[in-house]
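Look at the two complexes coming up: subunit A is in both, with subunit B in one and subunit C in the other.
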Partner chain A sequence: MKYMIFCHNGWGDFSYKRMLKLLPDRDEVLVVGEVMEKDEQDYDVCSISLTNMLSLDLTEYTTIVCSPYWLKSVNSLHPRYMIALLERCPDDEDAEMWNKYSELLAAQADIVGTASERIYLEQCLRREGIFLLSGESPLTYGMVNHRHDTLFLNDYEMIWFEALSSMNKGERFEQWTSVQWEIRCKYYVDLVATYPFHATISYLAATYLYLLGRSSDAGMYLVNSFEQMVLHDYLDCLESHYRFLSSMAAQVGDLEKAIRIYAVSVYSEADQMKVIEMRDWLEHGKDDLVKAEIFRLNEDYASAIRTLKPLNTSESKSLLRDNYVQTYRYEDVLRLTEEGSLSHEKDSEISLVDSLLIRGTIHMLHNRPYEAVTAILTATTVELSALRWLSEMSSYEESAERMLRSIAYES
Partner chain B sequence: MNHKPIRKTSGNRLTAMLQVRNEANRYLESVLHDLSEFVDEIVIIDDASTDGTFELCQSFAKVTRLIKLEKSEFNHEWQLRQRLWDLAISTDPDWLLAVDADEFYEDLAKLHMRDLINQDQYDWVGFRIYDFWGGLTHYREDELWVIHQRHTRLLVRYLPDFYYFYPRMDHHVPRLPLSYAVLPGFQAELRVKHYGWAVSKEERYEKYLRYMSSDPNGEWGSLEQYQSILDEYPTVIEWKEDPL
Partner chain C sequence: MSNRDNIEKNTEHLAKRFTHLDHIGLIGLPSIDKVTIILEMTDPAWAVHSIQLLLLHSEHPIRIIALPGSLEFPSIQQYFSKEEPIEFWSYEAGIDRVNQAFVTIETPFVVLMEDRIMVTPRWLSSLIWPCLDEERVMIVSPMSPTEQFDGKLDLWFQSHADLVRYAEEHHPRNQGLWRRVTMLTGSCLLFRRELLDDVGGFDPLLRSRELKVADWCLRARLLTAQLALCEDVYVQALHPLKPRRGEKILSDEWHLFCSKWGIERDSYPITSISELDISQCSIQPFISILHEPVFITVLVVVSEALDRTLEPRYPIQIEQTYSRIQWIGILIGEHQEHPCDEQGIWGRLDALIKVREVEQWHEALEAAFMLVKGEVITFMFADRAYESDYVTRVVDFMYRESADVVVNTGHDIPNLEAQVHIPKEPLPVPLSLTAHRRIQEVGSYVRSLEEYYFIPRASLRAVYWTKGTEDE
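And now, the complex of A and B:
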């Protein structure tokens, strides 16, 4: 298997060097940009310049992309697989843009890894195929031989290795997600026993139990976390903690309770209308819509999408599209829009602008600037504020070019 | 399915909740008279009184739930609070008012009570409590006696599916579940007269001894404040009623 690494600010910035030795079915590993000779030997990688990289047939390569600013370049090369390694926004980058395009990167990648547990958990609630590349376990879970080295793997390395191996074989790798949740869950549940009054630890235990579908156990940890937050005067936890209980109620199928719990946390007229709408759905037997909407309102888009996908009504597709928009699955948004089966005239009116902006973004990320600008300008004829997307695109292009220039200069 | 809105803007029922102990010869009768004017129900836990408190409570028509404990739980206050809370919510209230047996709402507060509860924007109301000292004309105000300078949460909306808890402390437990702190509230410029210290010097001394005996190391409250109960010349300010 051939791999090509696209670091954010060059090789020096790449924080997963050891992981390169663990790449399964490893054949050739190229790094775009300069790599010190010693590192080339130590990590068995070869540096390649931008120009030379462009002359290769990347359909044979699995790309490892560490920056959202590479997305446009990598897309146009049509790699075999795309692995996204998500990082927190560097201090010198615009956080809003970095985060948005990191989401787009994650949405397009075949598999996503990150060393940040915060990013990991956020992504677990947004999509599938997410792996944590850090951990605390001192135990060895397996080993890999690389040239003359024998590498002992810890839990997350073993999981990452197995998931990548499955991906390379074209097999499903979701089972490794659950294995990792089990390990993280046990870690935090054990930690709660040691630190019963720590709000964050209890919250994390509750989150992993929830991800594992064990809401009946998770509630206790969440409630404990909520109590500790309040006792320590962290009072901004109505939505983050209390409302999460509504998702748990939805997960165990108690939708009436889920709505009631959600209703406690809403005050605005729009949110109250949402409660009325969900009650109406429930009364008309549209349980899956309620379930999905409760998940979405708790930012668990992954569960919402899983719930909505098998449904085939215009309402369900409209909700599904909203979830795709939230998770930057833009190709899926357009596919649903083109199917033309979405409900509500008003909704369609809004979606015309949305669709054009989304279409423009996709064109831009696939290096079709003319089509991108045309789509955005068409959107501005309906809604003038769409113009700001042009400036956003231009900022993205500038950031990407700045990164490319720094890599080109290095090499 | 229950379509009752979770927050109503009209027709809210108000239940007052009190825990009492040996209050028969103090202000309890007046308090119950007063409450009967503006609440819909009164719920009381009698913490093992040995005087006629229980019978006094029974004589008020609006007292719809009344339990007398065999053994006092004064030294396990959070349990007592929890017990009262459970009893109060058994009346299926819309709002709950936590009252002490020696507290009186000023007329303006009583006048606005229905406005305070018939809305859907906030779930609790804070009032200013004034500690009357040595009589019914003046309240105390010095560096240790400033409770009226902040708001105390006394009136809350009951939301059946919300998670309620009290801190598990033996003393100085808040009257209402702490979890209300995360919900939006309204700090009303309305006053509550607390007559607990509007007693004779001898009775204050007895209260001092009681505090020192139940919390000798100042674990639950301030020893300095306990000591200040004995101050010979505290600063007091004359109470003035607000015009209606």
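And now, the complex of A and C:
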């Protein structure tokens, strides 16, 4: 298997160097930009200049992309697989843009890894195929032969290795997600025994139990965390902690309770209207809609999508589309919109402006600037505020250019 | 200079000479005999690596007996040349293979090891020395992540080169250091062969390896054997990402262990064992390492008046890979002739029960039960297809899961580890997919128009599995 690495700020800042030795079916590993000679030997990688990279056939390569600013260039090269390694926003970058395009990168990637547990958990609630690339276990879970030595793998390295191996074979790798949740869950549950009054530890234990579908066990940890937050005067915990109990109730199928809990955690009129709408759905037996909406309101888009996908009503498709928009699955949004307009389902249609803006973003990320600008200019004829998308696009292009220039200069 | 000073000086000289000779490789082999290594294999990749390290780091001549842990374990012979001293045994259902390997041992020292262990330089001689230092030392363990008590040491190494570097630095600093311990539970144990004559083998009633080893060590201590922990040798261990078969101690097995050793049941998990006052324990009976595999009775049932008998019949798969079978046929109803007679099956039965009336089915079963000699009874029906390893799998599940009843649910799921499902409440199960131990009041048999059913008694350990037969 051939791999091509696209670092954000050059090889020096690349924080997953050891992982490169542990890539499964490792054949050739190229790094775009300059790599020190010693590192080339130590990590068994070769550097390649930007120009030479563009002359290669990337359909044979699995790309490892560490910056959202590479997305446009990599997309247009049609790699075999795309692995996204998500990083926190660097200090010198615009956080809003970095985060948005990192989401787009994650949505387009075949598999996603990150060393940040915060990003990891956020992503676990958004999509499948997310792996944590950090951990605390001192134990050895496997080994990989690398040159004349055998490298030992810890838990997250072994899970990542297994997931990538499955991906390379074209097999499903979701089972390794649950294995990682089990390990993280055990870690935090054990830690709660040592620190029973630590709000964050209890919250994390509850989150992993929830991800594993064990809400009946998770509730106790969440309540404990909520109590600690209240005791320490964190007043926003009704929304951040208490509301989570509604998602847990929805997971075990107690939708009455889920709505009741959610209703306690909201204040605004719009949110109260949502409660009334969900009660109405429940009365009319639209249980799955309630369930999905409770998940969405708790920002668990992944569960919401899983619940809605098998449904085939215009209401469910409309909700599904909202979830796709929230998780930046723009291609899926357009697909649903097209299906909706073909079947003349009014509810599942998206506003023309939104549709054009999404289409414009997709064109831009696939390096089709003319089509992108046309789509957005068309949107501005309906809604002038769409113009700000043009400026966002040019900012993105500018950041991407800056990164490419620094790489080109290095090599 | 006092006499005491002289002795100290002489000791120092001798130690220096020993170190010098050891350093240049002139000593270091405490025994000239071969050492037998029994390797319990659980994962092909681990096993290959583990054997490679055994061949690399064992200073003594060794003989490796490699035991596969399941029916599905693939062959790894191709990774080793025929000249290597390795015997790859095949898997046999219904018997403790470690006990079987014990029978063949002729060398004075034996190592019992799981394939998760990665040995380090000088590991073997370091483990032998305590036995030569002290006659009563019978079982020796290195420091490792797999020990539960004193010897537990979790160290992280990036690579094998780092592990070897550590071992080579660690060994001279601690050379010869060992201490007596009360319990060993790890995945790498060296012991004297003669221990098998006094203590016997692993208790086949226990299922988890950890409890088997703990029980074996306690029995050895009852006979005044000492257990030693070598502080000058560390071996690394691999851990599975998902729990493996036999890893988890089941509550009924723990209760069995507790009643055997007079331990409070609530003292779970295993920590209480090391504090056990062995002088208060009664001598446990010798457990023979000579065991015959399970003898099984297969009841081949052909019944009329089942709606589904109108469907085409399968030839009953009497050619089973399992050999220790008593075959009993049961014919229920008016049969013009013996079904499937052209296969010659009915002539090969050990016994045949025949009833003319369908209502007499229960009497037919009762009569067959009187003839049963096997420890386990399996039912095979003429209208179902069974694979040739069906009985082997039944025996394997029965033994491995310490089950009283095993039920094949008929769906082909390739991941064997994930198949075992123990229901909270016993449910009626098709008799044609059931096997149970020959025990008193095992359950009841009922019949509907379509199927014969078995309802296991509530307290029995019923295990459901999903491979080995194709549903029609």
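Note that the second predicted complex is superposed on the first by the 401 of 411 C-alpha atoms of A that agree within 3 Å, B and C clash if a C-alpha of one lies under 4 Å from a C-alpha of the other, contacts with A are read in each partner's own complex, and residues count from 1 in each chain.
The criterion applied here is as follows: contacts are C-beta pairs under 8 Å (C-beta built on N, C-alpha and C of every residue); 3 or more make two chains touch, one makes a residue touch a chain.
Note that the structure is a prediction, hence the values are computed from the model and not measured.
Chemist: Which partner does A:N168 reach: the first (subunit B), the second (subunit C), both, or neither?
Modeler: Neither partner.
Chemist: Have a look at where A:L238 lands relative to subunit B and subunit C in the superposition and call it first, second, both or neither.
Modeler: Touch status of A:L238: first partner only.
Chemist: Which partner chains sit in contact with A:D155 here, subunit B, subunit C, both or neither? Use first/second/both/neither.
Modeler: second
Chemist: Indicate the residue numbers of subunit A shared between its subunit B interface and its subunit C interface, in ascending order.
Modeler: In subunit A, nothing is touched by subunit B and also by subunit C.
Chemist: For the complex, which residues does subunit A have touching subunit C?
Modeler: 18, 138-143, 146, 149-152, 154-155, 158-159, 162, 176, 179, 182-183
Chemist: So in the complex, the part of subunit C that touches subunit A is made up of which residues?
Modeler: 45, 49, 145, 154-161, 163, 236-242
Chemist: Which bits of subunit B are touching subunit A when the two form their complex?
Modeler: 1-3, 6, 120-121, 159-163, 165, 167, 178-179, 181-184
Chemist: Which part of subunit A faces subunit B closely enough to touch in the complex?
Modeler: Those residues of subunit A that touch subunit B are 223, 226-227, 229-231, 233, 235-238, 242, 245, 256-257, 260-261, 263-264, 267, 275, 279, 282-283.
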